[in-house]
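One chain, chain A, appears in both complexes that follow, with chain B as partner in the first and chain C in the second.
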Partner chain A sequence: MVALVRPRMDAAAAATRDQTPNGGNPGIRVRDLTLRFGAQTVFENLSFEISGGEFVALLGSSGVGKSSLLKIIAGLADATAGSVIGTDGLPIPGRIAYMGQQDLLYPWLTVMQNVTLGARLRREPVDRPWAEHLLERVGLSTRQKALPAALSGGMRQRAAIARTLYERQPIVLMDEPFSALDAITRAMVQDLAAELLADRTVLLITHDPLEACRLGHHLMVLSGHPARLGEPFTVPGQPPRAPDDPAVLTSQGHLLRLLVEASR
Partner chain B sequence: MTAGRTLRLGRGGRGLLIFVGLILIWWGLTLLFRVPSYMLPTPDRVAVALWNGRGYLAHNALITICEIMLGLGFGLLLGASLALAMMFSPLFQRWMMPVLVVSQAIPVFALAPLLVLWFGFGLASKVIMAMLVIFFPVTASFFDGLRRTETGWIDLAKTMRASPYAQLRHVRLVAALPAFGSGLRVAAAVAPIGAVIGEWVGSASGLGYVMLNSNARMQTDVCFAALFLLSLMAVFLWQLVDILLRRILYWVPDASHPAGRSA
Partner chain C sequence: MTLIQAQDPASTPEDPETVAANEDVLATPSSRRPERWLRFVIPVVMLLLLLGVWQVYVTMANVPQYILPSPLRIAQALGTDWGILGSALLVTLKITLSALILALIGGVVLAVLMAQSRWIELALYPYAVILQVTPVVAIAPLILIYAPSTQVALLFCAWIVAFFPVLSNTTQGLKSTDHNLLNLFEMYRASRWQTLRYLQMPNALPYFLAGLRIAGGLALIAAVVAEFAAGSAGAGSGLAFRLLEAQFRLNIPRLFAALFLLSMTGVVIFLGTSLISHLLLRKWHESSIRREN
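Moving on, here comes the complex of A and B:
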């Protein structure tokens, strides 16, 4: 299996290396970020740093401002005050790949067209071998010409992962991308995402403690009104951790208790 | 079982069945109540009138078709442009929306004499009349579609560094097509009305003129022949739009028939 696809994989892997040299990915530095809507303060003076190549999971109950935070980092929304910048001192927008709450596949495009969407939007030539390689990695080689409506939820999410990776961006921002999947599919897609996103700087927003404990190098909890960040938190072992890993289970329980207490 | 068999007739077959059925009912009624032919002619008389007046009717039908198609073309253009302009400029939208609503509050019948006065007895007044009834449903539904683009799709395009033009061309416009389609369906249904009203009020040709003229001379069979051609045109136009939309909106689940695609 591997031998069959080796030539193409080597080319693709080389391409990835050129774009994102190992360990050279920039991190994210957030300083004194404040967001207010009128009189309501969503969060205030939020500061944290994600080192390059780290996978950080940010947990919080719904409505706490997680998605707003992600949109500000992505440059899709403006903060009231504060700054977001790469650890290399350069701005973040333009260097991110984004996965939203839904898979956000365009229903009128085929799987292949969806994966290569960025090229079409930027009027660049489509890198077909790269896209084919990615579709192979996510197990959708045979469904290139299918429309999203013909795919299952898990397949759609895998196509979205391929589209995210097609962008070859050093930073990946994910907003509860797997929350709509059933438990089994979710576990499988999480493994795939962890494998394919290794070395990237990832900020994953989730309200699922298990997901955070399985995938994150570090975890952060956002809670309260206005929201504050709790102490960063590390689960022992390398992600993706097994769902029955005792450390994962202990941390998951601990986190769930923290979240419930914070919501009271 | 019977339902299944009817479905298998297909759309053409069912249409034909309805057509034949209606003619038979009409025939039966005229025979049963001995309606004088100047009030309701029998279908065979209408068929004869259709054949005898074929040159005259075809000529006038062609003119009405021209009016409808031109009205549809310009109406769609105007409707789509207004929707786009309203999307780009909220200021324009705030000032334009009341004007549009008022334009629809005035009955076209009331406007028709004025339009004939301003634009003459010829094609122009009818095309404008058709345009007036067509553009509003197109503007309203297309604007709605443009406004309701899934924000996630736009956000995704933005993170991919899509220019505002690319966002419009590849996301907003395509996403608004189903809404545009429903506007187009309404437009296709009302387009013949606009043209024929224009012809009734003042013209020297067209199917509306034929109907008015033959009615005045008690040639009810010719009037019915013209009416028949007009309905035929309306049905064909509807079918044309339907086929076109199904092809463009291949990605919308069951674009026009919620009951299923087998229909």
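Moving on, here comes the complex of A and C:
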């Protein structure tokens, strides 16, 4: 893990990340993953690989097993069979940052304390310049001492992004992180996330086809009982793609049709 | 107010959220002032009205004071008998507060133990329930036999009654931590102690404080009930004994005075625990934050 943490830089230099696009960040390799609860098979022999530095969006209807898959990759839950490992051959837990459906900010901590929570739990000195830089990037530099209850939904989700990024982890797992936001805030926060996560390996779970088409280098669809992965799918152009990009609109419509057909 | 940035010089007035917040700050006090004023005046007027009716009725109907003393007569008894009642109040206060403090310590320690291990919970929880559901009046005679002194017996009785709400509420609070937050702590590789200290304990605080408010009232009730059951006498006796004694002697004004002191003690305990709860939660918990709509 130590080898993957970038050397400490001042905040300005940290902004222009010094790594090549794939930056040596490991990818995620999933092999023959099976999950059963009693007689019910959620998914069986799931295999895919996300290469380092790639942003992959995983779509699927509710209850298809997306969140379970993410928990297994994060090491929070055990699969019935199969393996999850980094493309560099090392295990994944300990190298991930996570963003959930809710912002998961701790209501009794200020924005700054929330962002630097990981450091405090690891008993490291807090990297204040880095945290301040991130808060500035997400537009919250004047709200460092605010408690989450005093922030709007969009601000809270932006604080959550800053906390995710503070960890400097090579792999970022996101479970419908923007689903609770209104359409305008969501579009803005998506752009911000795409920009700030540019060279990380990201697995984003969503059931919003537009979000997937705007943000993902590649898209995957999980559907059926037991769930199977459809053919990976690429939208032309580099993310974040404009919401009115014809390719995005076409892919979005195609995906929505796939998803509806799959849930019938 | 929860909107801290209103005073923050760094926040720009162009920020729509800041502007909205400023308007909110300006609008709130003026629109609430008459209501706040009435909230104080109405109860006071009602109280004076009731006392007046009582006083007038007793004087006009010539009710003997051993049946119903007038408010003025009770106030007089409170003054003349202060030597007896004051020291009894101190005794009752001491028992109530020490029982409450011990209940808080015992309840929290047991709750933390139970939240750490399902085995400990299975082993201990039934006994906590048995202690709680058995009426304290029925246990008191036994406790009186085994306790080294009446004071210790009273303390123990009050503790038994007061500790259960603390235990049960704190356990509930520790266990009801959001699973997503727990997952996040696990991903941060937080230790068990860190999860307890930085996540479960703050999360349990509102539950604990609700338990504290119940326990505060119960500790006083139990201290009184236990004294009734124990029938202690002499210099070290509390308000409950003085109340019974006044009844035997048909000194009804003193009985009312003792009763008044007891209910005032209860009210003060309630206000105190509510204040503590408000001060600890006002910034972040839903129960204390004013709704924005």
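Worth pointing out:
In the analysis below, the second predicted complex is superposed on the first by the 242 of 264 C-alpha atoms of A that agree within 3 Å, B and C clash if a C-alpha of one lies under 4 Å from a C-alpha of the other, contacts with A are read in each partner's own complex, and residues count from 1 in each chain.
Basically, a contact is a pair of C-beta atoms (placed from the backbone, for glycine too) under 8 Å apart; a residue touches a chain by one contact, two chains touch by 3 or more.
These figures come from a predicted structure and were not determined experimentally.
Following the overlay on chain A, a clash is recorded for the pair chain B and chain C. Looking at the shared chain after the overlay, A:W108 reaches both chain B and chain C.
In the overlay built on the shared chain, the residue A:S152 is in contact with chain C alone; chain B does not reach it.
When the two structures are aligned on the shared chain, A:L210 is found in touch with neither chain B nor chain C. By the touch criterion defined above, A:A74 reaches both chain B and chain C.
In the superposed model, A:I96 lies in contact with both chain B and chain C. Looking at the shared chain after the overlay, A:R143 reaches chain C, while chain B stays out of its contact range. Touch criterion met: A:G118 reaches chain B and chain C at once.
Overlap of the chain B and chain C contact sets on chain A: residues 71, 74-76, 93-94, 96-98, 100-102, 104, 106-108, 117-118, 120-122, 147, 149. The residues of chain A lying in touch with chain C in their complex are 71, 74-76, 93-94, 96-98, 100-102, 104, 106-108, 117-118, 120-122, 142-143, 145-150, 152, 155. Contact residues of chain A toward chain B in the complex are 71, 74-76, 93-94, 96-98, 100-102, 104, 106-108, 117-118, 120-123, 147, 149, 167, 173.
Those residues of chain C that touch chain A in the complex are listed here as 2-5, 8, 10-12, 15, 17, 178, 180-181, 183-190, 194, 198-199, 202, 283-285, 289.
The touching residues of chain B, when paired with chain A in their complex, are 150, 152-153, 155-162, 166-167, 170-171, 174, 250-253.
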